[in-house]
Structure formats: C-alpha cells, structure tokens
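Please go over the structures that come below.
Next, two complexes with chain A in common: one pairs it with chain B, the other with chain C.
Entry: the complex of A and B
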C-alpha cells in the first residue's frame, strides 16, 4: 500500500469532490423541481397529459441511469442536442431523479386528508391558494422522509457520471489510479469516503426531518 | 436522422447479451437472498457483536456506490490471490450489495408481523424453533415478496454497471454496437427498450404477487 499519491493528487481530488457535491445538489434541486411539476400536472392536468407523464415515469424508472446517460450524451448530438459532459450529466441526473421525486410528491399529496381540501373549498378558497396553502405544506411534510431518502440515493448515483467523463471525484480517482497504478488503494479510499459522506448526509437528513416534523410528534 | 433499420437490427445482438443481464441480476438476487438471510439473522440475534457486524455490513454496502464496490472487488481479488472469472466476481459483488438491502427487507417483514402471532404460538406450547419455521418465516417471506421483486428490478438496472468490468451484457454490447455502427442514439434506445421490457414484465409479476400476498 502506498499512500503518498493522495498527497500529490490532493488538489485534483478535492476539485473532483467539489464537482460531485455540485452535481448532487443541482441534480437534487432540479430533479425535485421537475418532479413537483410532474406530480402537480398529474393531479390537475388533462387526461392525455396524465397518460403521457405516466409513460415518462415508467420509461425512466424502467431503464438504467447509465443507458439514459448514453442516450443523452452519445445519442443526443444526432438529434442536435450537443452538450458538454457536465451539463449532460446534470440534465441526465435531473431526468433520472424526476419520476422518483414525482411519485414521492404524489404519495405525499395523497396523504393530505381530503377533508382539509374540501373545507378549504367550502370556505371559498381559490384552487391556486388551496395548492399553495393546504396541499403543498401538508403534502411536503409527509413526503419529507422519502425525499431525504432519495436525495441520499442520488449521492451515490453521481459516480456513474464519471463514465461519460464528468470530472467528478470518481473520474479523478480513476485518473489517479491509471497514472500511478494504485488501483486498490484508490478505490478503497473512495469507498470509505463515500461511506462517510452518505452516513453524514443521512444523519443530517434525520436531524432535518425531526426538526421539520416536530409539530407532529406528540409530547408526553 | 433517426434510422429505424439500425434501431431494429440492434435488437438481435442486444437480446443475446440480455442473457448476461438476466444471469447477473438473477444469480445476484439468489446470492443476495442467502447472504441477506444470514445478515438478517445476525441483525436479529441476541449477541451484540453480531448485531454490530450486521449494522456495519448494511451501512457500508448501502453507503458505497455499486460502481465503486465493483472496481474495489475487481482490483482486490488479484491482490489477495484469488483468480476467478470476471463474471463470477461481478455476480458476487452484485449479490453482496443486494444482501444489504434484502436483509433490511426481511428485517422489516419480520418486524411487521403482529407480535400476537408468536405469543399465541408460545402460549399453546410451540418450541421456539417451530415458531420460526411454522409461524414467523412463512408469513414474513410472503409479505416480503413484492419488495423482493422491486429489488430484482433495481438489480436489473444496476447490472448495467457490470459492463464497466468487462461483462458483455446489454449495456456493454450496445457500446460495442454503437462503436461499429456509429449510430449511438438508435443502439442505446434499443438497449433502453430491452431493459424496459424486462422491468415491465417484472413489475407485472410484482403486482400479481402483491395481489396474491394481500389475500
């Protein structure tokens, strides 16, 4: 085992880590936004649009992320979609995450008691303010654990972006290992690193969850 | 422009490669079921050491991306002097990764059984071993079936990563096909169709099982 390579390649790895975090945060935010729009369109949109979105959800959830990236990055230019690796990766991550987020939002909305919405309608609230003041706040709170959970899963999916040459952490580690022939050490450290990262994020997520849902916990 | 003949022609070689996708995910889940049962037994055991081992096993395998696990295994085996075919190494890695999720599925299913069931069995004088084999396990296995099909769908998709260590499954075959035809869009879309077909079948089985298990 040889550890000095990490010192030499430190700055490069750090940059890769920055891009990993960037991809994760952007992918989560954009995927959530798209997922929320899909969930709302599925609830209020016309029937053909709902069918179309359901097909989109099935297709994206039924195909591997790697194949989706290949279609986007290598197939895209054939239909005029010419993207660099990083934007292609971000777009891919957004598309990949959106149906999962949409389903999470849908179940969150379904968990809002019907009586709440009926009551809002009965006192003459406009449909838009029902969404904004009743459906979203109540639905988001009940969807929160699943949202946090899927965001953590997305952290791990970012390594797949290395295959289409997004210069994130995994990409830099592979580069380092091909230049120094330290494959085992490099991947070992990478595994430990991701373990730590995912554990840390899960812990933060749990704390965030208990904070937001504090009003739901019955005090004894 | 989009070439429909190329799209249709790529189905031939890709469908051949689908055997390996099915093999890796099928054997992966089989291995995952065995190891997952052992890990689940550790997690539920009275010994604190075994419980801690199970907790670390699950948290490590769920916290590390599968791609990293595959590469780690790929480079680790030669160093410790084990030489097995790449396919076997891939199946073992996928199986080990799946075991973490499967052990959690089973732990959840066993935990979801009403405690009254085993209490009643105890009250009529059943031996602890018999309670497990006759009361707890049969119900827990039936309850976990939909979740296991779900896990299998995830594995079919995860098996695309196995292409990175040189297994000629659908994704690898489509890379080769795209390189020879210079039509990546058609070929990768065909690959997506194959995965989608497999997973829609599995999802159908899952819904059917869920329907059966609900009775």
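Entry: the complex of A and C
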C-alpha cells in the first residue's frame, strides 16, 4: 500500500464525498416525498390514476438504475430534457427511489389498525385530518425501519452517478485510480467512506426510532 | 339531562357479496333509553350497530337518526362526506378494542375531536378533555399514553373521548369483551352513570347482568335476523322463542361453576 498519494488526492476525494452525501440526502428527501405522494394517491386516488402509478412502480422497480440514468441523461435531450450531470443525477435518484419508498409507505399505512381510523371517522373527523393526525404519524412509525434500510441502500446507488460524470466520490476515486494506478488504496478509501456513512445513518435511525416509539411500547 | 336522539331502523338489509348479514331489520330505539343487542357471535349485532353511524353501509332500508336518514340522501343516493360527518358528530362510539390513538396521551385522545371536529381552541379543548376524563374517574391519568394504561382505563378514556363531543346517542360495540374480568366492572359503572343521565345508548354486549339491570329493552338477534325485542325481563327470564332459550342455556352453562 502506498498512502502518500492521498496528500495530493485527499482534498479531491473529500469534495467527492461531500457531493456523494449531498446527492444521497437530496435523493432520499425527494424520493421519499415522491414516494409518499404516490402512496397517498394510490390509497385515495381514482382508479385510473392508481393503475398508472402501479405501472410506474413496476417499470422503475423492474429496470436497473444504470439503464434509467442512461435513458434520462442521454435520451432526455431527444425529447428536449437537457440536464446537467448533477441535476440529472438527482432526478434519476429521485425517480429510482420513489417506487420503493411508495411501497414502504403503503405497508406502513396498512399497518395502522383499521379501528384507529374508524374511531376518527366515528367522531366525524374529516379525511384530511385523519391522514395528517392519525394515518401519517402512525404509518411513518411502522415504516421507519424500512425507510432507514432503503436510505442505506440508496447511499451506495449514488456511485452509479459517476457514469454520467457527477463528480461524487466514485468519480474521484476512478480518476485517482487511473492517474496513479493506486486502485487498491483508492477503493479502500471508498469503502471506508461508505462504511462510515452507513454506520452513521443506521445509528441515527435507531436513535430516532427509539425516540418516536417510546410512548407506543407497552411497559408494565 | 343530555339531549337524546331516537333511532328508527326500517327494513335494513346488508350483504357481504352473496352472504346476507342483516335481513329486514326493524327496530325502534327510543330517546333516553338503553337498548341492548344480544345474540350469538356472527348474528349481525355489531354489523347492525355499525350501520347506525354508517361505519357499515347498509344496502337497503333506512336508518333514521331523529328522523333523518344517515348515509343516504334518498334510497340509493349516498350523502356527501360533509353531511355524514355532521351527523356522526352527534353519535359517540365505543369499540371492543378501544381504538385509542397510541401516539397521543389520554388527554390528547379526548381533545383531538374537540379541536379537529368542533374547532375549539387548544386550551379549551384540553380543559374539556380533562373534565371528561374526571367524569370517568381518570383525572390522574390524563398525561399517560394508552400503552401505560390498563384495558379498563383505556376503555374509559375511549368513553371520555366519545362523551366529550357531547353526543346525543352512544353506540357501544362489545365494550367489555376485550377486558380481563376484574376490569369489566369499572367500565360498566361508567356506562350506568351515562344511562342514568338519560343518554340514548345502544349496546352490543355479552354482559347479561348489564342487560338485565340497565337496559330498557333487549333485542335478540340470530343469523342476521331480529328474533325478538322486549323488556329485559321478558327476553332474559321468560323467553318464548326456542332460539333465545337455547342461547341463554349455553350462556348459563358456560357461566356456571
């Protein structure tokens, strides 16, 4: 192993890692938001819309992220969608994650006992209030472990953005490798960065989960 | 005295696919009185009860609350969500499984409807919730979440949640069936108080003692049909119908020791 190359490439890798984290955060937030809208539309929307969304879910889940990103970045301009690498990457991550998030939210909503929704209906609560006050908070609690889990999967999907030249960590690592032939060191650092990131997310997720479920667990 | 609603059920039918859950039910529930629905499980008691606040949609016939049909503007024409919610505001319901919202404290559970449905300011809703919880004997449990309450306490919170809305009619769907035997009494006591205040109450129950002592009329159902409606003593002590006799025989055998 030869570590001196990092004196030169360290800052670049750190910048790349920053962009990786940025892409991950944005992709997760936007993907979750879109997924939540899909899940709600599938629960309350008219039937044709539900079919359309189901088709969307099947197509996106059924194709590799790499292919989706190619289609978006290189195929987009053919239909007038000309995006820079970073926005294209973020949009790609959002689209890619949304059906998984939608399914996680759906199962979270299904885990809310029907009786608790009925109790709200019985006192005359409007559907919007029921969603906001009962369905969302309780559904999110059930969905939380799966949401954290998929967010962790998404961290590693960000490396694919390197193929459309988003200057994230993988991109910088490849560049360093080809310029210095230090493949092993570069990829070792890549692994280390991701491991740290995933560890941090899962710890945060667990802490958050403990906090929001503390009142829900029966303690005698 | 509370303002009490009357309920008129006329020729109500309810199907689940090909299965007929309710057949031509006719039942008058007078204001300020307690009506108990009894009968074997699967006889349609709960289904009928849930038709009264339209949690269950009946397919034909009429359910009239103070003369106004619930769920439909006219036969076959569903009423708007807004109108249905308006009608439900006057009808409290208590469930077998309590159905409290686990992420809210007892007080928040009771205040929620006052804030979201009645539009009360938070402070006023909180003080009215406290009042309702005092009434069911839970003044010292207001800050507890449901997971920290016993079944009997949870059910009393559920009753407080319903009465805080100042309903004119209360529906109870097997309110004590999920409780340990020693916790049944505290819930029945609260229900008796409510009955003595002149609330119209419809109670699906297996508590024959409650039916015998508190009910003004008892309706016996079997296989989706209303077999008999009469004074509790007539149904429980001198039943004429063989189906009621057989049901009570099973009940007594199970409770004998």
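Here is the rule we use: the second predicted complex is superposed on the first by the 219 of 220 C-alpha atoms of A that agree within 3 Å, B and C clash if a C-alpha of one lies under 4 Å from a C-alpha of the other, contacts with A are read in each partner's own complex, and residues count from 1 in each chain.
Quick note on the criterion: a residue touches a chain if its C-beta (ideal position, glycine included) is under 8 Å from a C-beta of that chain, and two chains touch if they have at least 3 such contacts.
Model, not experiment: these values are computed from the prediction.
In the superposed model, A:198 makes contact with chain B only, not with chain C. In the superposed model, A:59 makes contact with chain B only, not with chain C.
After overlaying the two complexes on the shared chain, residue contacts for A:78 are found with chain B alone; chain C is out of touch. Of the two partner chains placed by superposition, only chain B is touched by A:187; chain C is not. Once the two complexes are laid over each other on the shared chain, residue contacts for A:150 go to neither chain B nor chain C. In the superposition on chain A, A:137 contacts chain C only, with no contact to chain B. Of the two partner chains placed around the shared chain by superposition, neither chain B nor chain C is touched by A:100. One of chain B and chain C touches more residues of chain A, and that partner is B. If you check the complex, the residues on chain C that touch chain A are 53, 55, 81, 85-86, 88-89, 91-93, 95, 97, 99-103, 112-113, 116-117, 145, 147-148, 158, 161-162, 165. Within the complex formed with chain B, the residues of chain A that make contact are 58-59, 61-68, 70-71, 74-76, 78-79, 156-157, 159-160, 162-163, 170, 183-184, 187-188, 190-191, 194-199.
If you check the complex, the residues on chain B that touch chain A are 2, 59-60, 62-69, 71-72, 75-76, 79, 153, 156-161, 163-164, 170-171, 174-175, 178, 183-186, 188-189, 191-192, 195-196, 199-200, 203.
Across the interface of their complex, chain C is touched by residues 113, 115-116, 118-127, 129, 133-134, 137-138, 141, 215-219 of chain A.
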